[in-house]
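What follows is a set of structures for review.
Consider the two complexes below, in which chain A is the common component and chain B and chain C are the respective partners.
And now, the complex of A and B:
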C-alpha cells in the first residue's frame, strides 16, 4: 500500500489527511485520486509532490515508480513568512 | 519644512528627552528621492548623527521612528512603520518593522518621522498630535505588560509601548503596537534605557497625494493581484505563516534540536495544518491588509494573536516541544512581556544544549516544557537564570562557552530556517546588516525551497540573488509596505504550477544567471530599467502617490543605497568581514551525514557576495560604489 498524505491547501481542498492506496506510479496515483475526489488528474499537478520526502522533480516526475510502503506527500506549492 | 512630493507630510520632529525640547529635523526633497522613507530614511538620519561607537543603552543613542510614502494613502498592506536604533543586542544598526496602527497615526499626526534622543529623568510617555509633542508621566504605567499599558493610556490613537522586558533592558526587548511587534534587535530596551514607556500618536488627516485617481486605480489593481496570487491570496490567508512548517520539515529547513537537524519527527503537531484544524478561532490582519495572514487562537479562554512560523519553529522543534498550545501560551506571554520570540527561543535552545553538555547547570532540558512559562517572566524581570538569558546567546556563549553552537550572527539570533538546507539563506544570515535575520538576509530560502525549488546546496548565483532580494525588500520596506507584497515578484504561473515546464526550467537556470543579476545590479540610475511588464506594483503606486519618477531600476537602486548606507553605519561601529560569519556548526558539520554538500560554504559565498556588492575583501563598500550611489560626492 502507498501512504498518501495531504498538507496545506491540498488538505483543505480535498478535506483529507491521509489515504492508503495501491498505485505503481505517481501518474497512476493521480488518476486514482482524481477518481476518488471526482476531479481531473491535472488538479494534482498544482501541488509539490514528494515521494519519501524527495521532490518528484528530482526523480522521474509523474513517471516516478512507487513501491509498497512509499509515502507520497502533496504540499502547498509556495509561501513565505 | 514642507515638500513638493505627494504622500509625505514634509515634517520630521526631533525630541530630546534630556532637556524636553522638540525641534524640526531637516529632511529635504533631494533626500526623499534618494532615501524614500522608512528604514532607509532612518539610516540616513542615524548615519548623519551617530558618528562613533556608542553604548546603545546610553542617552547618546537615538530612536528613529519613520513612515514611508505608502503609509496612509490607501495602498494595500501599508500599515508597516519602522523603528531604527543602535541595537543593544548586536551593538550595530538595527531597523525593526511593525504592522501596528501607530505608523498610520503618526503620519496622520503630520509626521514622516519622529527622532527621540537623550534620556528622561522621570518615567514618561510621549503624546504626538498635529499640535505637537506632550511629555506625560508614566509612573503609573511602569511595570505593566504591553496590553495593559495600551489600555491604561487614556489618550486615543496608535500606541507603541514596551513591557517589563524593555523596562529591565532585556537585550531583545521589543515594542508593541496593538498586537504587532517591532520585534528584533532590542529596540524595546532602548526605550527602557530612556525611561520611555511608549509613544501615542493621534491624527486624522492623511497627506495629499500626487495623482489621486491614478493611485486609487493602482491600489485597486494591486489589491486584486494580491488576492489572485497563490501565496498572498490562498496560502497565507488559509494557513498563515505557520503553513510553512510542513514544507520546512520536508526540505530540511526546520531548525530542530538547536539546529542539529532540519527535520522534526513530530512536525505535524506544531504545523499550520494542526493550528488551523484544531485551534484557529479566525484570521486576522494588520490595518489596510487584504492578506490577513495573522491567526487568532485561545490562551486561557481569551482570544489572542497566534504564533508566526518562527515562533512555532523555535519554541517547537528547536527545543523538541510538540505541544502547540504551549507555544500559543508563551507567544502571548512574550508579547505581553514585550520581548522578541525569535531571540528568546533561540537563546533558550542554546541554554538547553549548554546544560546538556555540562557547560551550564541551569535546569533547562530539550523537551521539558513545564518550567518555560515562569522562565519567560524571569527573563523579563531578570530574575535568577533569567538575568543571563536576557543577555542573548552571544553573551551567554562568552560567559559559558559554546560559541560554535550559539546560533546567532553578529549577536542576533537566527530565525527558524536551518541554513544548511538552503545555503543562500546561510549567506544572508551571515552578511545581513542587523545580524542573523532571515528577511534582512535576503530571504533566499523562498527560492531555495519554500516557494521555488532551485538547488539549495549550490553557490551559483546565490550571492547575486541574495543582494538583489536584499535591495528589493529594502525599498519595499522603506515605502511602508509589508514584505509579503514582494511575492508579486514571482509570477503566479511559477508558483501555482510547481511541476510545470516553466517552473522546472526556472529552477534549473536560476542558479546559472549570476551574470544577468550582476548586470541588473550595475545598471546606472540614468539607464534605470524599464521592464516590459510590471514585476512589482510598488513602482506605479509610489509614482502615483508621490510624483517621483519610479521604475524597477530606480526602485532597486534605492534599496541598494539603503543597504549600503546601513553597512556604512555598521562599518563605523566596527563591522568588517570577520563579523560576517556563522556559528561553526553550520559551516563545518554536515546536516545530513550522507550529503557532503549539507553545510554552508560561507567563505566561497562571501567572496562572491562582496564582489557583487562592490565591497572590498574586508567587506567595506568601495568609494566607487558610494559615489555611484550618491552616498559621497
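And now, the complex of A and C:
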C-alpha cells in the first residue's frame, strides 16, 4: 500500500489527513485520488508532491514509480499569519 | 547574545505570528526591531494574537508592540504604521534579517522580492488551521518563488493559537540562527509543522 498524506490546503480541501491506496506511479495515484475526491487529475498539479520526502521534480515527475510502503506527501503554500 | 545586541530585525506583520516573533526576539536580546503593520487590532484577533485585548481594540498593531517593547526596555524599536509597499526598500537595507509574518500571498511575494533586491535573508512563516510552515530563505535561492509560483491566494481557514505560537517561535529561532551565522544547514528548506498529528519535518523542496 502507498501512504498518502495531505497537508495545508490539500488537507482542508479534501478533508483527509491520510489515505492508504494501491498505485504504481504518481500519475496513477493522481487519477485514483481524482476519482476518490470527484475532481480532475490536473487538480493535483498545484501541489508540491514528495515521495519519501523527495520532491518529484527531482525524480520523474508524474512518471515516478511507487512501491509498497512509499509515503507520498501533498503540500501547498499556506497564507495565514 | 553579545552579537545579537548589534543586530536589527525587520518584522513585517505584527498580528499572530509577528506578535510571538517580536516578543521572542526582544527577549532573546536582538538589539533593534523594526515593526511594520498598517492593521489595527479587532475582536476577531483575540483567539490567537498576543496583544489583542479590550484596551488595544482599534489600535495599530505595530504601535501597540512598540509600546510593549518600551515597557520591557530590552531593545530599541522603530515602528511603521502602514502596510508594506515597494517604497519600503530602505527598511530592508537597514535590517540584518527580515521576518515575514503577514497574512496574504501578495505581500509575501513583495517581501521575497525586496529581500532579494537588498541581498538579505528572510524567514517566511505561514499558518492554516493547525498547520504551519517556515523557511529561512537566502537571497540567491529560488525556493520561495518556486513554492509560491502558482499561488495568488489560499483558502482562509481558522487558525489556532498554539499553531501561531509554534510557527512564530520556529521563525524566531531561525531568525536568531541567521543573525548569528548558524543558519547554514537550515537554509532554503521547508519546515512543516502539523499540530493535528504533532509532527515536525524539515524537507528540501
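Operating definition for what follows: the second predicted complex is superposed on the first by the 76 of 81 C-alpha atoms of A that agree within 3 Å, B and C clash if a C-alpha of one lies under 4 Å from a C-alpha of the other, contacts with A are read in each partner's own complex, and residues count from 1 in each chain.
In this text, a residue touches a chain if its C-beta (ideal position, glycine included) is under 8 Å from a C-beta of that chain, and two chains touch if they have at least 3 such contacts.
Everything quoted here is computed from the prediction, not taken from an experiment.
**Q** Kindly classify A:49 by the partners it touches after superposition: chain B alone (first), chain C alone (second), both, or neither?
**A** First partner only.
**Q** Should A:19 be classified as contacting the first partner (chain B), the second (chain C), both, or neither?
**A** In the superposition, A:19 contacts neither chain B nor chain C.
**Q** Classify the contacts of A:76 with the two partner chains as first (chain B alone), second (chain C alone), both, or neither.
**A** In the superposition, A:76 touches chain B and chain C alike.
**Q** Using the touch criterion from the header, give the chain among chain B and chain C with more contacted residues in chain A.
**A** B
**Q** Looking at the overlay, what does A:61 touch: chain B (first), chain C (second), both, or neither?
**A** So A:61 only meets chain B here.
**Q** Mind working out whether A:7 is in touch with chain B, chain C, both or neither, as first, second, both or neither?
**A** In the superposition, A:7 touches chain B and chain C alike.
**Q** Where on chain A do the contacts with chain B and the contacts with chain C coincide?
**A** 7-9, 11-12, 46, 48, 50, 53, 55, 75-81
**Q** Using the touch rule from the top, collect the residues of chain A that touch chain C in their complex.
**A** 7-9, 11-13, 17, 46, 48, 50, 53-55, 75-81
**Q** So in the complex, which bits of chain C are touching chain A?
**A** Per the stated touch rule, the residues are 13, 15-18, 100-105, 108, 125-129, 131-133, 147-148, 150-151, 153-157, 159, 190, 192, 194, 196-197, 201, 203-205.
**Q** Give every residue of chain A touching chain B within the complex, in rising order.
**A** Contacts found on chain A: 7-9, 11-12, 45-50, 53, 55-57, 61-62, 73, 75-81.
**Q** Contact residues on chain B for chain A in the complex?
**A** By the definition above, chain B touches chain A via 230-231, 234-236, 238-244, 246-247, 250, 271-273, 276, 293, 308-310, 443, 446, 450-453, 484, 487, 490, 495-500, 504, 507.
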